[in-house]
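Look at the two complexes coming up: subunit A is in both, with subunit B in one and subunit C in the other.
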Partner chain A sequence: MNIESYNAPDSIAEAAQLLQGGNATVVAGGTDLTPQTESGVRQFAATLVNIQRIDEMRGIGVMNGRIRIGGLTTVTDILESKLLADEAPVLVDAADRFASSQIRNASSLAGNLCNASPAGDMCIPLLVLDAEVELACWDGESISTRKVSLERFFTGPGKSVMVAGELMTAIEFPRCANRFVAAFLKSGPRPALEISTVSMGLSCSLTDGVISNVRVAIGAVAPTPLRAKRTEAALEGKVLNEATIQLAVETAGEEVSPIDDVRASAWYRKHLTGVYIRRLLNHVNGS
Partner chain B sequence: MSMEVEINFSLNGIATQAHVPPTMTTLAMLREKFDLTGGKLACGEGECGACTVLIDDRTINACLMFAVDCDGREMQTIEGLASASGLAVMQQAFVDHGAIQCGYCMPGMIMQAKYLVEQNSGQQALTRDDIARGLEGNVCRCSGYTKVVDAVAAVVLEENQTGERAS
Partner chain C sequence: MSAVIERKTIIGKRVPKPDAPDKATGRTRYINDMVLPRMLIGKILHTDRVHARILSIDTTAAMALPGVHAVLTGEDSPDLRFGPTRDNFPLKSGKVRCIRDEVAAVAAETEEIAQQAIDLIKVEYEDLPPVFTPTEAMRDGAPVVHDDHPDNRSLGYEFSHGDIARAEAESDIVVEHQFEVPYVTHCCMGPSCAIADFDTTGKLTIWSQTQYPYNYKMDLAPALGIHPGDIRVIQPPVGGAFGSKLDVYPFEPICALLAKATRRPVKLTFSREEEFINSPTRQPVEFRIKSGVNRDGTLTFRSVDALLNNGAYTSWGPTTPVIQMRTFTGHYRLPAVEYRAQAYYTNMVYAGSFRGYGNVQATFVTASVMDMLAEEVGMDPIAFRLKNAQNSGEVTPQGSILDDCRLGECIELVAEKTDFLNKHKAYTDQRKQTARIQRGIGIATTIHNAGGAKIHKSDGCGTMLKLDDYARATLITGASEIGQGIDAVLCQIVMEELGIPIRDITIVNDDTALGPWDVGVHASRTTFIAGNSALRAARAARKQVLDAAAKQSNVTADQLDLREGHVVQADNGVPVIRLDKLLRQMHFGDEPELVMVTDYYEPNSVPEDKNHFGNLSSSWAHGAYVAEVEVDTETGEVRVLKMTVVQDVGRVINRLGIEGQIEGGISVSLGYALSEQLQISEGRVMNPNFRDYKVMTAPETPEIELHFIESDCKEGPLGAKGIAEIPAIVPAPAIANAVYNAIGIRFHAPPLTPEKVARALHGAPQQ
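After this line comes the complex of A and B, so read on.
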């Protein structure tokens, strides 16, 4: 660890310039970074860029008909947002099951996504909301941004398509149409301060008993937060009855590839996957 | 790594300056540079809340926050609660209800309890379940939590009766 410079820029442009060249570590709430660097699993780069002073990266609003959340927005901000409670309660539910009050106050949304844990709780609701992330970098003269669908963002445990020098500035998703149902479940022995054993989100429309526009996302059962495409296909356009639910349970069980670890066995995670998809579909049927 | 960064912030209401290495935690700074040893290092991983302090009116785990990030902000620690006229209401309630045993977790627990009650001010009174959930980031090995919840519930009740902010 040989830190040569510490910076706390107050604009995206300034931060992007500091990150140019790539030998820099972005610091946000520090809730992932501190345990990782203190335990030695990760080293700081020569340049530290603390992004907490960049006010233009905070806030929740509507832009061009889409919901836009600044990357530095905290999990507490999400939990307390009236707009999200109305428009994306599935994200608020996940925020409510996130860590503890103190950790929620410090954790940024972009930090949770950039950490790219297969168990990251914000990833699941954002996958079912069909979110995109905005990545910014300095192209030599100005800021250049690209948008990546969250579904294509994660590439492995702790890995994403983000390249050195990029900053995640915002997260966006479409406003939800009528008849849209979305729900989130997370398992762990306690209501919070618990890394997910399995988490699952589902969104869909239900018209005259037929389920459509189905999106299913599952956490902690694969190397990345998983969009369960086969399960979605098994459900799409079907009458939501017991036979359909049973098919979804079986497909989801085949689609996940969980591991054994200290929190649960692979067998149990597969089992929970089936329990959760059933529970979520029953919830859809009842709503 | 001898680099140090100058930071300026408000510490328990007093304008304060410090020079800290960029990777020092806020908790280490409080304990080592200012001798404010109320907040404790227990887990060092955000799990136990023994290091809880208020920054810009939000509680955080000081073991996870970098000291450099205090620059320009307002911090309150357990040492800032009592005044010349005595203990703060929340501190006194913990004493009155016998909530404090060894005391190791208590500076963090009281900061979080105070935050919880203040955040809820003006809304429907906190139930015992709400209090337990609000304190889920604070671990105590001695009290069994019942008396902790008693103490916080008493402050909530008092606040409701007087209609004032009592914490």
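After this line comes the complex of A and C, so read on.
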């Protein structure tokens, strides 16, 4: 379809009205949209809505005791945020492994989530941070918003619970408790411009050698970014020793359902899953 | 009287390329940026089949689209054939033989209209059974790719020296190994592009990225059915070539056929995806190699069989055995050696030339096998190589004359600089432990032609040099600049001989209507061949100038010198006359003369005879590279920490240029070793993009330490040898040998991807 109208609203309200009815394509950084429309896997809708001018969708701050990041915040903003470096270094680590400087400068956080790639680099740390996304739409008279846990947001490759007319305006997650550890690992020999073969994030508390509040998220091993609940359950409340780690390696290996593609085989993805859960747990033990 | 001018040399100094500031600041207008008045945009419909009969092509809707000026199919020109063996066609008629085949082309007012027109062309096919590997292709009853080659055999080569059977029978140890090297591609930053325009008399001007403009005319002419003399080639700046522009490929005659049909200039440019699928690759090869060695470490014989996937058509890829052979047969002393290569047509994409030209493939094998044999006889990799290394005065079984061979010196120096033996032993011992990160060190060496390669009747280059009334020099050379840095080298040679500063020298080498003949940029030859021709031209101009100055000042010419724009007294540097003033006096004096000289240099190399014997190059050079790596034994990731280079370069002309060539070559070879592979499944390219075709980037580039051996080559310009391909050849096997040193696993098929290494380490079968 050809683009029939181009719009650049400067408020969420205006954007939400333009998106009403749903026959619209939202463009922010365009780093996923452009290659997808160029290669033909995705078509533009009749209305193109460039949301880059909506300043209220930018910024990183603390609100009601939670970290709130505007949907348009770029990956570079995250990488350079002092607040996030203190409060959520796992997110900053992931930003550091995200694509290249040029792409980080353009990519928006919400865009990376809305793209719903199983390998999306921002999905993994946000899943272990127990993030929620804020979705806004126009209800006929005013903006109506809902919040969805990121864990329930993804429904398949490129698919999410967002419905036509909705815009992801912000991402929120709780501030970290004491003794909270979170870490991120991503495969690939290139430090930049690498689509994850496997990525993994883990967060937990460690008290007197006992691991609790465990969250494990794994990228590129399932149709969606995966919250590895069985692996979490296998770890929860256990003394973090070699036997526990071995159990986690085995459980994670059973829990993932990777595919063979040009980047790697299912065997290698499973293998890396085991390597990474062990590394992350050893990291927790060492910290 | 001005001050005394000392003799200073520019040779061996770090000279920035003259084109660098424009490229760094974005001022350069590449061919891809060019727009001509009335220019149309051409586009090609590539097939979506790997082997199929074309039943019909319906172009009606495309022709009817407003803004479309021409739609061509193979039926419009079924008799046009081209390629080194004349087995290719600009547009295919009758059938398609691989995924990159061109079935139709359009010329339209805009890119968008051209694309719409392409989408409107309807092709009906009847699929034919395909054949993808040489092993399948050689079987009785295999699908036939070209009707005039019912056995699918394309080019074949055989060389034999000495009594192999006897050598094998008398050898203490005989081992056989197999290797397989992959499809990789050049990844030029500037995708393929041509602009064609015919004048009213039927003469073609083509703006081209070619790296061999003069023979390009000869090769393009039959694809168009015109006379080569009616083609003028203009070469705007290009975004990389690396051998990929050493042949004519279908998009170029197609662009010209569209220009002919529309009587307007037509520009045709590939998208990145087209570039990955429809431009040439490096030749993939399956090798079987049998080697003999005695317990004292003496090599006794070598027998090599190379099986080449020709793909659907023949470009230069299947001719790379000519260079493979020189490395298998020479380099290390072999009393008996044989080499056989055979290429088979398949329904795969096809290979062209690519920096290193066959030696990349050969050296991966020879350097791996040398380490394996050293281990068999219980010697270290250095001692084993030194024992078998050829020496000065030897002639290889194929007739490569090693008049000044520095192979032993290269090996000794690189071993010393890297503390090779201590590290190699320590890392071997460390394998017994099970550390997550294992370190390794590995060496590889090669021999390569360093004084051109006489694969045509001539390997020459012409030069025209003129000095104007202001002492500005213009050097018109046949040698193309494709980013390799020849312009800087030629400027240095002119400056050295004539004392004219580089900013006052113009190099012209972008138009076949102006330039004299040259074979092209390949075979590490340009500094050697074009440099020699430029040097001889500059010396002729120098003689003319100094003779005139001597006549005026009642001294002999050998008492004078040219320095910094002046004629000076050679012994004390006292200026005699400004060069520009002298040139004006010569021009406007009683016996008027202009300084304009020509030179044609033909090296003393000879073409191979039919037994592949002859000194193909005027000079040969060796390099020994050492890689130091870390292997993550859990993930299989290999990181190259350092590459130490010792290379016989003859003499350094442009230090900055030689460093750039070697660093760039290492980068190419790093990808070959670790990450690059065009993944082709049943004839279809599965990773035609930079996301999934992984070139190595700056952060993965190791520390590089360079040591040059300046052997002062007798035939070379100011002693220089060709240097450009060895750096793209040797690093990959050095890395593979270092990985072996780290983890004790031998890889027979690059690239050593993390998955491949992890599978080997963790007992999973390779895919």
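Note that in this section the second predicted complex is superposed on the first by the 287 of 287 C-alpha atoms of A that agree within 3 Å, B and C clash if a C-alpha of one lies under 4 Å from a C-alpha of the other, contacts with A are read in each partner's own complex, and residues count from 1 in each chain.
Rule of thumb we're sticking to: a residue touches a chain if its C-beta (ideal position, glycine included) is under 8 Å from a C-beta of that chain, and two chains touch if they have at least 3 such contacts.
In this text the structure is predicted, and so the values were computed from the model without any measurement.
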item	value
Partner chain in contact with A:144 - subunit B first, subunit C second, else both or neither	neither
Which superposed partner A:44 touches (first subunit B, second subunit C, both, neither)	first
Which superposed partner A:193 touches (first subunit B, second subunit C, both, neither)	both
Which of subunit B and subunit C A:272 touches, first, second, both or neither	second
Larger contact residue set on subunit A - subunit B or subunit C	B
Subunit B versus subunit C as contact partner of A:282, first or second or both or neither	neither
Common interface positions of subunit A, toward subunit B and toward subunit C	190-193
Touch list for subunit A against partner subunit C, complex	39, 187-193, 195, 197, 262-265, 267-268, 271-272, 275, 279
Touching residues (chain side subunit C, partner subunit A) in the complex	273, 634-635, 637-639, 674-675, 679, 686-687, 690-692, 694, 696-697, 699-700, 754-755, 758-759, 762, 764, 767
Residue numbers on subunit B that touch subunit A, as the complex places them	1, 3, 5, 22-23, 25, 44-47, 49, 52, 58-61, 63-66, 68-69, 71-72, 112, 115-116, 133-134, 136-138
Residues of subunit A defined as touching subunit B within the complex	1-6, 8, 27, 29-31, 34-35, 37-38, 44, 48, 50, 52-53, 76, 99-103, 105-106, 190-193
